[in-house]
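Step one of this worksheet: look at the structure below.
Chain nomenclature is as follows: A, B and C, assigned in order of appearance, with residue numbering initiated at 1 for each chain independently.
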Amino acid sequence: MNEVPRVDDGIVREGPADLGGELHALVSRLFPICRSITGEGVRETLAILSEHIDIAVREVPSGTPVFDWTVPQEWTVRNAHIRTASGRVVVDFAQSNLHLVSYSEPVARRMPLSELRAHLHTLPDQPDLIPYRTSYYRRDWGFCMRHRDYLALEEGDYDVFIDTTLADGSLTYGEVFLPGTTEREVLLTAHICHPSLANDNCSGLAVLTLLARMLAGRQNRYGYRFLFAPGTIGALCWLAGNEDRLAGIDHSLVVSCIGDAGGPVYKRSRRGDAMIDRVMESVRCAGRKVTMLDFSPYGYDERQFCSPGFNLPVGLLQRSAFGTFPEYHTSADNLDLVRPDHLASSFRMITDIIDILETDWVPLNLSPKGEPQLGRRGLYSATGGHKTTSDITMAYLWVLNLADGSHGLLDIASRSGLPFADIAYAADRLKQCGLLGKAEDSVNRQT
Amino acid sequence: MNEVPRVDDGIVREGPADLGGELHALVSRLFPICRSITGEGVRETLAILSEHIDIAVREVPSGTPVFDWTVPQEWTVRNAHIRTASGRVVVDFAQSNLHLVSYSEPVARRMPLSELRAHLHTLPDQPDLIPYRTSYYRRDWGFCMRHRDYLALEEGDYDVFIDTTLADGSLTYGEVFLPGTTEREVLLTAHICHPSLANDNCSGLAVLTLLARMLAGRQNRYGYRFLFAPGTIGALCWLAGNEDRLAGIDHSLVVSCIGDAGGPVYKRSRRGDAMIDRVMESVRCAGRKVTMLDFSPYGYDERQFCSPGFNLPVGLLQRSAFGTFPEYHTSADNLDLVRPDHLASSFRMITDIIDILETDWVPLNLSPKGEPQLGRRGLYSATGGHKTTSDITMAYLWVLNLADGSHGLLDIASRSGLPFADIAYAADRLKQCGLLGKAEDSVNRQT
Amino acid sequence: MNEVPRVDDGIVREGPADLGGELHALVSRLFPICRSITGEGVRETLAILSEHIDIAVREVPSGTPVFDWTVPQEWTVRNAHIRTASGRVVVDFAQSNLHLVSYSEPVARRMPLSELRAHLHTLPDQPDLIPYRTSYYRRDWGFCMRHRDYLALEEGDYDVFIDTTLADGSLTYGEVFLPGTTEREVLLTAHICHPSLANDNCSGLAVLTLLARMLAGRQNRYGYRFLFAPGTIGALCWLAGNEDRLAGIDHSLVVSCIGDAGGPVYKRSRRGDAMIDRVMESVRCAGRKVTMLDFSPYGYDERQFCSPGFNLPVGLLQRSAFGTFPEYHTSADNLDLVRPDHLASSFRMITDIIDILETDWVPLNLSPKGEPQLGRRGLYSATGGHKTTSDITMAYLWVLNLADGSHGLLDIASRSGLPFADIAYAADRLKQCGLLGKAEDSVNRQT
């Protein structure tokens, strides 16, 4: 009686036996690819993800107007390096795709170090790390390098060679939709535009892909839409093409930096009190509560989803928050930072979130005058007088007390301080006993 | 001018000269009786209380359906003990009525210790104390004993003798109603079903009985209803028979464990913002503020009164909260734990609560444009320029400032941080000066 | 890009080059005058202020009924001293006007020390300071003196001479009104009734006078009304004569004790959430945030303006709060306590407050779906990938995100935690770019 049996609702909670290992293997395959906001890297990435789940790949032609923006030209990179006049290679894209500023235009020119310097990016405070830089919306070129190597550059001429193409083509993004039994949707997105940065965001791509695979194998109340799109312009392309769908989205998460040991950290939606915001108060990751941050308009694609013209219920879920961990946007965001057990605990946190969304309902106490006699239904200790009562008895009492048609299970879990799973279990037992009716599914509530 | 004279409103605040002594004497008379949820012990207890105040004794026949429950059979206990085969008594109900599990069915049988053990209840962590246990709603029997004595039991056969009767009869509860000058009511309840436990709840029975005696001797705005009923089933019996009265209850308290040195602790009503909840912020007990706890659905009969079908404005008032003090539900909850001065300070706290309920009103400033000239009415220091002003001057200023018809005296006390008694005194003086009118009595406000 | 250029809106923020010096010089001229709630001192003071700004001087005859009050007689003081029987002067009004209790009636009489003592006021804890005392509304007389001197008084007879007149005349106050481009008004008041107390309130008179001069030199959205009136009765006279204007007052401040090194401290209006209350969260004084106090009905003329019959949006702005600094209402509140730099920083804080009131508006994002592309407008860093973004970029993003027609610039500054000036600058730039329209002027909002 004192132990809380868990709900056996057919949900596969754990995924495969070695979930962490499979997630890390997928991150490892994605890591080496040179992604950018357009180009072959995105397509290669989607091809790998498609091995796990059927993905619709969308192509949006260069020059397409998208709200205040225009889809940029497609960028192709083949090779890039800097050589001394004597032919020694001092920076080489082949060593790390971070070395080349993303979207660099083609260059083949000799120039003195004094001129080259304006195109070299380093991190003086982290001299052994290569930074990550982009120049998406202004024609430019540059290299990123270790500050230690930068300091060792000798005066003289250097041969700069960047073999890239910027030409009309298209922007690519991937979309997965798993229909639910209702018309309401959950949107889960991860950006796909970063090159060899493992946490930001191979981790998000891997976690959402295997999550989609898991959800595809069962029936869900909500439809689940997964979006793997380049940051900003990719999200805007999807928004522009799906304005009629937005009213159907009840809950949404942007997922990034989900594979390191930190956090979890959640940034609330612009609304601040959406159900997805409240769910986060009730989940744990690796035993830890979620650190809650208020919305701010800087970050990932929640910036677009939460712009005033959309104002969707979208939060940002991370382990360590972007910009706060030393490896962020450097060559140290690698396969050592992202670990199998962190990926697995993040995955489980998201399945716990989804369990709440899927299973929340609004109970109605059918015996609301006084407590019903739980003892004769085997739901209450037969011997009285003990100092305290068990968690599961408290769950029965809380559910009965708040089951007045104005509280869903998540509300009851929040107010009682008990885990959602205990409240859901208690509500289920009480319903089986005929003590509770269903006022409504939370999927139909406008909260 | 700087001292705050107290209201002289004819209310007898202190009760008898040796209030604490009289309360403790009453607790001492109630203590030895073997009460349970039905049976002669409840009737004996009500007979003693009736020496102080006229109590209507209600009998509800066994088998009566009450919401989801049924009134159980009446339990009569005459004797109970355990003897060794050699005739030595090792546990004896005559020594302490806690030794017998309440509602034990009759037994007269020899059995080996190995079989007896399943019926013995002890507290391994408090080896010198007898626990209190019940088995109200499942036919069973058992003995409670000191763990030290339990360990000393030798192997062998024991003669178990429980001379009890479980037979149709009735459940007994007592009710006192003191009409007020309005139709609104205050409900005060204490459970009457515990055997020799002094704090839980001879203390509550004694305090409410002498309180009823005091209130019977004066005119009150509210009607006061006192309920001395067995826990759960007694409260449900009263609720079932009085559903039409419930809408008339403006404020209510469950009172228990009110005689020890701890607290005071108040658990808010399910509503959380009822006036009774707010009153508690403004009273003190033995100079201490009340520790405020949020509602939870475990405890005493507030569980029934605050069930969603009733949702009455009922809070739980205690000194030490149940389950938190080491003597709780053991033989150490005795006449040493409950002391005359604690009983007296608890009594005074409740009279302070009642004073607020009785005297709160909503003042209306009749000179609302600017401050009225208090000086020429003798309500303000004639000499100006001092660094600070007195509490009573602040009380005048606060009352005048907030007397816009939307604040009662309790609201003004809360916002100003001044004692209710000072605010009430100031309002009274200002009314006498013609500066305040009465917008309404708080007894007529729906808050 | 990372630096925030300040708004160049033509507002003269600093006043004259040596603002602090000019303010202190004005305080110094006002300091010696013996002001009271009526009499020549007030007229002399207004005459000096009129050298800087055109002031309408109002005279209200003695005996005029004003709400619950009556305008008192006019008090004229020529001379006052106490002499020993041997002719030695022990207290002399000519040394400090604090020596005479304000409104003392005329006296010319010899009396023993034992009788005199009842009329002597001292500060035993501050034996070297002369206290400030008044007896406005009860006929009385008295002297204030250093406790050290009081202790040195020898037994014997003393000659008390107070050459004052209490006779019908009038109460005097000054008013300045600077019309705005709208019908809405800001009311700024300072009490003018204290004698030689520099901080309380020569400081307030000087700061508001030079502020009026500054505002007179430019066009403002709001009309600005300045009131220099005796405490309580002066404010009531103005209120009684201007009841029809009160609905036009959107924001108001009582200004006192504004020249010392402490604070700033702001006491909220009775409403508690007026725009003037919220503005204070966003300004700084000498780099320090404003300490916010809740309204209480004791203080300066906010007591009258915030009485329930008016309930105007009036807060009290001070450096050190009255009654909390040791020099308060003593001879130590002198020209050393009030310093030029403190006066100047207070002046600038008030101009910052006025800037917010004048320049707040409600922006509407004209490109609300997703973020507009700031980079091509030169409003966003061309190179991406940095760990953090600049304050001004954050200001652009916050303004765009909250520009949904329900947030003014002040709201956006509060929610973002960024300075109002940055938000105002960003909004201005965005409007110039055509990204923002004006939903409305905050001057037209009912908040």
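Annotations
Going forward, contacts are C-beta pairs under 8 Å (C-beta built on N, C-alpha and C of every residue); 3 or more make two chains touch, one makes a residue touch a chain.
Worth saying up front: this structure is predicted, and the values here are computed from it rather than measured.
Because chain A and chain C share one sequence, their contact can be compared position by position; here under half of the interface residue numbers appear on both sides. Think of chain A turning onto chain B: fitted on CA atoms, that turn is 120 degrees, to the nearest 5. Rounded to whole angstrom, the centroid-to-centroid distance between chain A and chain C, based on C-alpha atoms, equals 53 Å.
The residues of chain A never reach two or more other chains; the list is empty. Put simply, chain C touches chain B in their complex at residues 67-69, 101, 121, 131-138, 140, 142, 232, 235-236, 239-240, 270, 296-298, 303-304, 306-311, 323, 328-329. Per the touch definition, chain A reaches chain B in the complex via residues 365, 367-373, 375-376, 382-389, 393-394, 397-398, 400-404, 416.
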